[in-house]
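First chain written, first letter: the chains are A, B, C, D, E and F, and each begins at residue 1.
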Amino acid sequence: MSDLTHFNEEGRARMVDVSDKEATSRTAQAASSVRVNKEIYEKIRAGEIGKGDVLGTAQIAGIMAAKQTSTIIPMCHPLPLSGIDISFDWVVKDQTHTLEITGSVKTTGKTGVEMEALTCVSAVALTVYDMCKALDKGMVIGPTYLLEKTGGKSGDFARPPEHK
Amino acid sequence: MSDLTHFNEEGRARMVDVSDKEATSRTAQAASSVRVNKEIYEKIRAGEIGKGDVLGTAQIAGIMAAKQTSTIIPMCHPLPLSGIDISFDWVVKDQTHTLEITGSVKTTGKTGVEMEALTCVSAVALTVYDMCKALDKGMVIGPTYLLEKTGGKSGDFARPPEHK
Amino acid sequence: MSDLTHFNEEGRARMVDVSDKEATSRTAQAASSVRVNKEIYEKIRAGEIGKGDVLGTAQIAGIMAAKQTSTIIPMCHPLPLSGIDISFDWVVKDQTHTLEITGSVKTTGKTGVEMEALTCVSAVALTVYDMCKALDKGMVIGPTYLLEKTGGKSGDFARPPEHK
Amino acid sequence: MSDLTHFNEEGRARMVDVSDKEATSRTAQAASSVRVNKEIYEKIRAGEIGKGDVLGTAQIAGIMAAKQTSTIIPMCHPLPLSGIDISFDWVVKDQTHTLEITGSVKTTGKTGVEMEALTCVSAVALTVYDMCKALDKGMVIGPTYLLEKTGGKSGDFARPPEHK
Amino acid sequence: MSDLTHFNEEGRARMVDVSDKEATSRTAQAASSVRVNKEIYEKIRAGEIGKGDVLGTAQIAGIMAAKQTSTIIPMCHPLPLSGIDISFDWVVKDQTHTLEITGSVKTTGKTGVEMEALTCVSAVALTVYDMCKALDKGMVIGPTYLLEKTGGKSGDFARPPEHK
Amino acid sequence: MSDLTHFNEEGRARMVDVSDKEATSRTAQAASSVRVNKEIYEKIRAGEIGKGDVLGTAQIAGIMAAKQTSTIIPMCHPLPLSGIDISFDWVVKDQTHTLEITGSVKTTGKTGVEMEALTCVSAVALTVYDMCKALDKGMVIGPTYLLEKTGGKSGDFARPPEHK
């Protein structure tokens, strides 16, 4: 596929016609992150252990946003998502504290779920920012990117390791 | 303010009580970006001149997402936004082609619009990704961060230039 | 005002900045209609008297759509509507049966509610069509137009009687 | 089918049970229009050529509204739309300037997409009105009607040419 | 199934993966109620006969809420509902006036519609409360519970009669 | 106020006109509950201590639903909520295990937030049901009722203690 298929003959946006595609099993996995200062890092970690779970709240936001992808992204097809899972990892080095976010989405549908996975991790990161911004507004979200996808006519995609 | 105010006495998430805050004028500006390959860069640029406007579609997605911020971010207060504007800039160097996105949001309300500005530019970037992903799934979104905010009791914020 | 104010300096859509406008009392009234065949006319009328109220369902759709206007119309400001009312009238002549729909919307806000009134009557008409389309798909909706508006800097508007 | 099937035995509205229907390929095409004055006509046309694309914004509104049809129209079944396309045509004669809007929707589902096509063109027309209303509030939307549908047990429908 | 399947290996909420489940026919029926005083009972009954139909409005709210279940309940899968029906019954005894609400939902999907049925009757009850609360704020909603479900691997469920 | 004010002169539903009311400080507090079996009780309790927090997820659902009240309840006015808080209590006696839910909502607006508080606790209870239903579908939600409200012309309301 070598063209911007989201445009019709008048050159304006359309939702691409996928009527003739098969409804097959598809998965996508995306990554984002939030770089926070040491104070926020410590408070989130403490919250994880007891209650006051920043990551738990962010995770729910990510799941709900994934389900809303086709209402947020104009040309995105509505898809009946069959599974959403999010995981976290902390990378602490050289005085930086980075929360790494991975979101996995599955469907049986006519188009892929790349946008659902990317929207999911974006909402997770935004919610972490929201819940910690009283402490520091200088947090940085992302980079945000697709890790891999499977299924569909365009074939599988896996991000080369050196670009992660 | 030195605490994670989004948690109540039981340690669980709440929507912070802002009843006693004044409804004052507030603004926020956030930045994101999409790094694309040369082919996508050229096609978007061509589209800008004639019809088939990727950026135009993305901009509308950003405006509509900003208005939905409080339904996407769980602890975010609903606010009657009074103005939303988005602008684009291309940075091309060293074989990289980066679309820089700036989103500005205004309100007269009891809380700030940082989340609205960040959600806005995130939706813009995600929509650019969606409309170009048939050409390359390796695009990278962000970093995404707050540029500045004005208004409210916690005072103004401006990102130090060296961190942009 | 002599320009398309929904566009920014780059020529792209924005949500107009109304931050400096006063929040004042504003009203708008819009009209639409559905032209139906005799069979549908008689069934709706019968439904009105007993139960199975097509118009009652359509009215609720109109009220709920009016509240969603800023999520349906991209550049529309969110406004806290303070009142919505819908009324119906049948015009039967020359073998045609026309349901006339009037929708009135009020707010105290920084922008007018013309779009809310127009969206309201559109949703009413669409719902009537939906509930009767098993009988005839040839129904015609509209014309749909603004009857009047009051409040706001641009002054009042009343549709000239000969254009109704 | 000779009855208002949207009502249950108590005479109240229900969402019709389509559980036993086949999920088959279905299409629908609807038409609406906006009659504008000469000034608006010229400004929209100019915008089409360069940037500031009223029709581009309206088209996105139409696509997003089509996807929301089952949340706007109370008794409408949710359907996974597989394609949405919108086109425009100008008819200028006798001092009138009319933007004609055609919306086409496809699905593989248990019910038809007539309401999605009608909701789509209604949202397009409303958005054109919204973006031009600073110039003239006297614009007229519609008539709005179904052009044709295919698929489903009730058979195909095509509007007789003399009624278009 | 003997575990809280909504949690992932990190112990946080996820949307359960149902990718490998069959899309089969499923139904669920739930019950709720609103206990009102005599004045409200009589006014609703009067409204039923003529116009001003509290129950008609509540029913539409229930149908629309059922379709929104997966946006209200975080871990709920989106499902294309194929039928929704609601019925009412009054139980008057010992000076109490109770509106009994039954909601039935059908789908062909990979998960059941228990939550859709429960959300449906909850929205019906809340809407009855809303429309009558000017007369008395002491109304009591519920108990709300599942009456029965059919379809799916976990088998059928029917509430024992003595627990209704 | 002695009438069903949600109906207009034609006897059909309307959104009551509150344009002339003052925007004042208002609060409401509502209660619901979920009666669960011993196994679910123990698993939720265990989850509270470590991770896998059923109540944390339910709480977020309640906060998000409260913000959506005017899109769920047809005649409800949209209100800019300024604070939402939810708390839990377990009552264990006579072999029954009941999770008691209290939701508090605040606004500065022209109408009260009773419906927001009731919708909030309803969504909390529904989410608890959803997350535990793999263990037992016989859980019972509610009764659900208003505990108290303050502010507004109709005065304060407090549920008599014997009716709690």
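Operating definition for what follows: a residue touches a chain if its C-beta (ideal position, glycine included) is under 8 Å from a C-beta of that chain, and two chains touch if they have at least 3 such contacts.
Each chain and its UniProt protein: A, B, C, D, E, F = Cyclic pyranopterin monophosphate synthase.
Computed from a prediction, not measured in an experiment: that's the story for all the values here.
Chemist: Common contacts of subunit B and subunit D?
Modeler: A, C
Chemist: Quick one: point me to the chain whose Cα centre is farthest from that of subunit C.
Modeler: Of all chains, A has its centre farthest from that of subunit C.
Chemist: Suppose you list every residue number at the subunit A-subunit B interface; are over half of them used by both chains (same) or under half (different)?
Modeler: The interface of subunit A with subunit B is built from mostly shared positions.
Chemist: Using mean Cα positions as chain centres, tell me which chain lies farthest from subunit D.
Modeler: Looking at centroid distances, F is the chain farthest away.
Chemist: Please identify which of B-D, E-F or A-D repeats the interface of B-C; the criterion is that more than half of the contact pairs agree.
Modeler: A-D
Chemist: Please state whether A-D or C-E has more C-beta contact pairs across its interface.
Modeler: Spelling it out, more C-beta pairs touch across A-D than across the other pair.
Chemist: Just give me the whole-number Å value for how far the CA centre of subunit D lies from that of subunit F.
Modeler: 38
Chemist: Cα centroid separation between subunit A and subunit F, in whole Å?
Modeler: Those two chain centres are 31 Å apart.
Chemist: Name the residues of subunit F that each touch 2 or more other chains.
Modeler: Residues 10, 12-13, 51, 53, 56-57, 60-61, 64, 68, 74-75, 80.
Chemist: So that we know how the chains sit together, what is the shape of their touch graph: line, ring, star, complete or other?
Modeler: Shape = other; not a path, cycle, star or full graph.
Chemist: Dump the list of chain pairs that touch, please.
Modeler: Pairwise, the chains that meet the contact rule are A-B, A-D, A-E, A-F, B-C, B-D, B-F, C-D, C-E, C-F, D-E, E-F.
Chemist: Can you name the residues of subunit D that touch subunit B in the complex?
Modeler: 48, 51, 53, 56-57, 60-61, 64
Chemist: List the residues on subunit F that touch subunit B in their complex, please.
Modeler: Against subunit B, the touching part of subunit F is residues 25, 53, 55-56, 59-60, 63-64, 66-68, 80-88, 106-108.
Chemist: In the complex formed with subunit F, which residues of subunit B make contact?
Modeler: 8, 10, 12-19, 21, 70-71, 74-75, 77-80, 109-110
Chemist: Within the complex, which stretch of subunit B touches subunit A?
Modeler: 1-7, 10-13, 32, 43, 47, 50-54, 57, 60-61, 64-65, 68, 72-76, 114-115, 118-119, 122-123, 125-127, 129-135, 137-146, 149, 154, 157, 159, 163
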